[in-house]
């Protein structure tokens, strides 16, 4: 190992550790102080679970949580369905009328500031409501807005997997007698299943976490959890929020960690099988 | 490059029954003519190769046969049925893909059974057919494995079994051996031919490897820029190419440019800057016509002493040589500056005389060794 | 009749529905809203409703397009709106730059780590990304408050004698924004750098370049696509950021997102809010086009 690469190794470790610390210290403080006895975030006065009890009895938070969960579920499902359609259209059909505009519309919500999306959707809902008397602002409208955003993310994830997939697999299926719909159901879908799952989880999380769109599109009685948290956070520090945060972080971490371990194991198993086949053939 | 003609093949060739008719087929991609007015008839039971370098249109032609591209113009007839515009899943044709395209989420068994199940075959029939296919490609106990658990050669055999399972009227092979390494390729070439002949299916294959085409196919079509230049048996293509491109594409060739000075019905003499060629047969041409004389390297003999005849020899210096085991390649530079290539079989282990670098030698050939090309 | 029946069934099962369904959704929820915003921005606010653009007055067709909303945005002697737009762009640009300066080395070292470690490293970056961003911003409130964790820590260390006023400043805003958008910069950079063939770097070293020269002349140009993608993913949404200025920002960090909100919810002036939105869209059209071009190229290069 040359002196240069030792220096680079130390630099590499240093940078990585510092940035990870930057990313995680706030998260850790959230969790630690959720167990704090005192209301003050800054003074540790003892271990206590009282804020967790408080959350469980806080009607506003519980209602908001259930609403967010419902909206997120429907958002994720709709986003994946629409995203699959869009991804297939963009990867398998090279040319159709208005393709550039379609591609632009699909990916724009990814970067658009949410205030713009929120405002325009709200104005649209109001206009449509004047003509048709529907929809009322509430869970439905929040779902529509979230799905617009979710669809953009889902399309990116699914599209990436579709372009990577060997196109000749679909041709082979057709060659062997499958009609296009069968090809999609028997071949394409199983092979992109994992990316569909990722897209679902991603859009679920996005919806659960969304503040701006929800605020623009919510109506009386449809307050999502992030709206509740935002209003309280605006007023000041609130240890109940810490408790909510800790639970969220624990759930997400468990999910991400176990998911990654599972995927890593599956990948390792596959690699072992490939090398076994290779060795066997060369005997 | 041995041409192994089995007795069955010979019989089939004699009873040439037109089976696949391709007429004036054209494929236009945005103004680029990938396939430019191709007409060819393929006989029942034969293995037919489309040979050419990348971009010559052979793959596009194959894909039109399979149904993945629609012809811009022209007709494809399979056994008197016009299939030009029928969807791929309705054609009695199956294809073996270059990448094998084995479904990674299905077992070997399910891969082979896939096409049979689309047809609504009963479970028992499917079972017996899959079993017989596995036996045909010698993978009897591999049914439960998934593609990633197989080696490259095994995957290829599964791909072949899958494409033959439905007993198609036409089998298409897309660069079948491109993914294998050299040793495996040689072994597999003959195995593949045996299986195809055993099944008796008509086969069209696409390849850029001339050795592969000459080993496996009973007839070859050489393609370039969307057109077919020559169709014929391997020996015909090699020994009697009809143009410079084909002569140069298959194997190596030495080309001499010159003019016909004597044109008789039983012989012609062609004057080229390097020497005078006496060709021992008549040609369709006239005196004074500009032609190319093509001579294969193995037809040239290298001697120390000047040959005792007025035609068909040149003198030169050995500029390069490469000892390749079974034969040696010599590059001989002629006084005019032209370099010709000659190969000599190393028939004796310890020959009396072996030419080496910078030796002055004579290269000669007989009167039937040449092919006269007008294009 | 049979011919029409066939045509319809052909349409329904072919590529038509696959393209039409998402297209329709996008037209309804993306295109239409923008047209409506555009329309309202050139209308006038009448007591409770928007006046129609096209109407019949005394039997004649009357087109009322009013640019007064746009004009009023910039007619203001204090240039309230102009300064806010500029401020938003500057904050977004600073955030993007900082994310790049921090994110690039990080992504670089991540990509050059031993292969076995990379999935774990990636997962550790994804974890904060998947955790609610609202909660993470809230966490910074607790840290940066005058009697918050950071001040208490520094006081305890003896580095300072009095708490530093960090909250509701430009510093806290930028910190919050960099913190939130850092993963958006790291991920495209990482995915780009990880595909960088090591042999380019080896060839460069073999030809006599020092590591620094290799970095400047080979690595950075080759990761240009990742840099652009990451920058757009940070810059564009940052301009319209609302939540972070609300929670971490102060009076001197007024950004255009808050202005839009106030026009709509506080002043109830829909046309003016729409005008603000339209100008914002115009501001981001160029970066948006750059981003779109990058996305299309990415999808194209992913094919084999």
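A few points about this structure:
The chains carry the letters A, B and C, assigned in the order they are written, with residues numbered from 1 in each.
Just so it is clear, contacts are C-beta pairs under 8 Å (C-beta built on N, C-alpha and C of every residue); 3 or more make two chains touch, one makes a residue touch a chain.
From a predicted model like this one, the values you see are computed outputs, not experimental measurements.
In terms of inter-chain touching, the protein chains here are arranged end to end in an open line. The most central chain, judged by the distance from its Cα centroid to the centroid of all protein Cα atoms shown, is A.
The interface holding more C-beta pairs in contact, when A-C is weighed against A-B, is A-C. Note: centroid distance chain B to chain C, computed from Cα atoms, is 57 Å.
A separation of 16 Å divides the Cα centre of chain A from that of chain C.
Here the CA centre of chain A is 54 Å from the CA centre of chain B.
Of all residues in chain A, those touching 2 or more other chains are 166, listed in ascending order. Counting partners per residue, chain C has no residue that reaches two or more other chains. Annotation for chain B: no residues touch 2 or more other chains. Considering their complex, residues 66-68, 87-89, 93-95, 97-99, 101, 103-105, 114-115, 118-119, 146, 148-154, 162-163, 166 of chain B touch chain A. Of all the residues in chain A, the ones that touch chain C in their complex are 4, 8, 11-12, 15-16, 19-20, 22-27, 29-30, 33, 40-42, 82-83, 85-86, 88-93, 96, 98, 102-117, 119-121, 123-124, 127, 144-145, 147-148, 151, 156, 159-160, 163-164, 166, 180-181, 205, 208-209, 211-212, 226, 229-230, 233-234, 237, 241, 244-245, 248-249, 252-253, 255-257, 260, 263-264.
On the side of chain A, the complex with chain B involves touching residues 166, 168-169, 171-179, 182, 186-187, 190-191, 270, 273-274, 276-278, 280-282. On the side of chain C, the complex with chain A involves touching residues 13-15, 18-19, 21-23, 25-27, 29-34, 36-37, 40, 102, 105-106, 109-110, 112-113, 119-121, 123-128, 130-143, 145, 147-149, 152, 179, 182-183, 211, 232-233, 236-237, 239-243, 246-247, 257, 260-261, 264, 270, 273-274, 277, 280-281, 284, 288, 291-292, 295-296, 299, 302-304.
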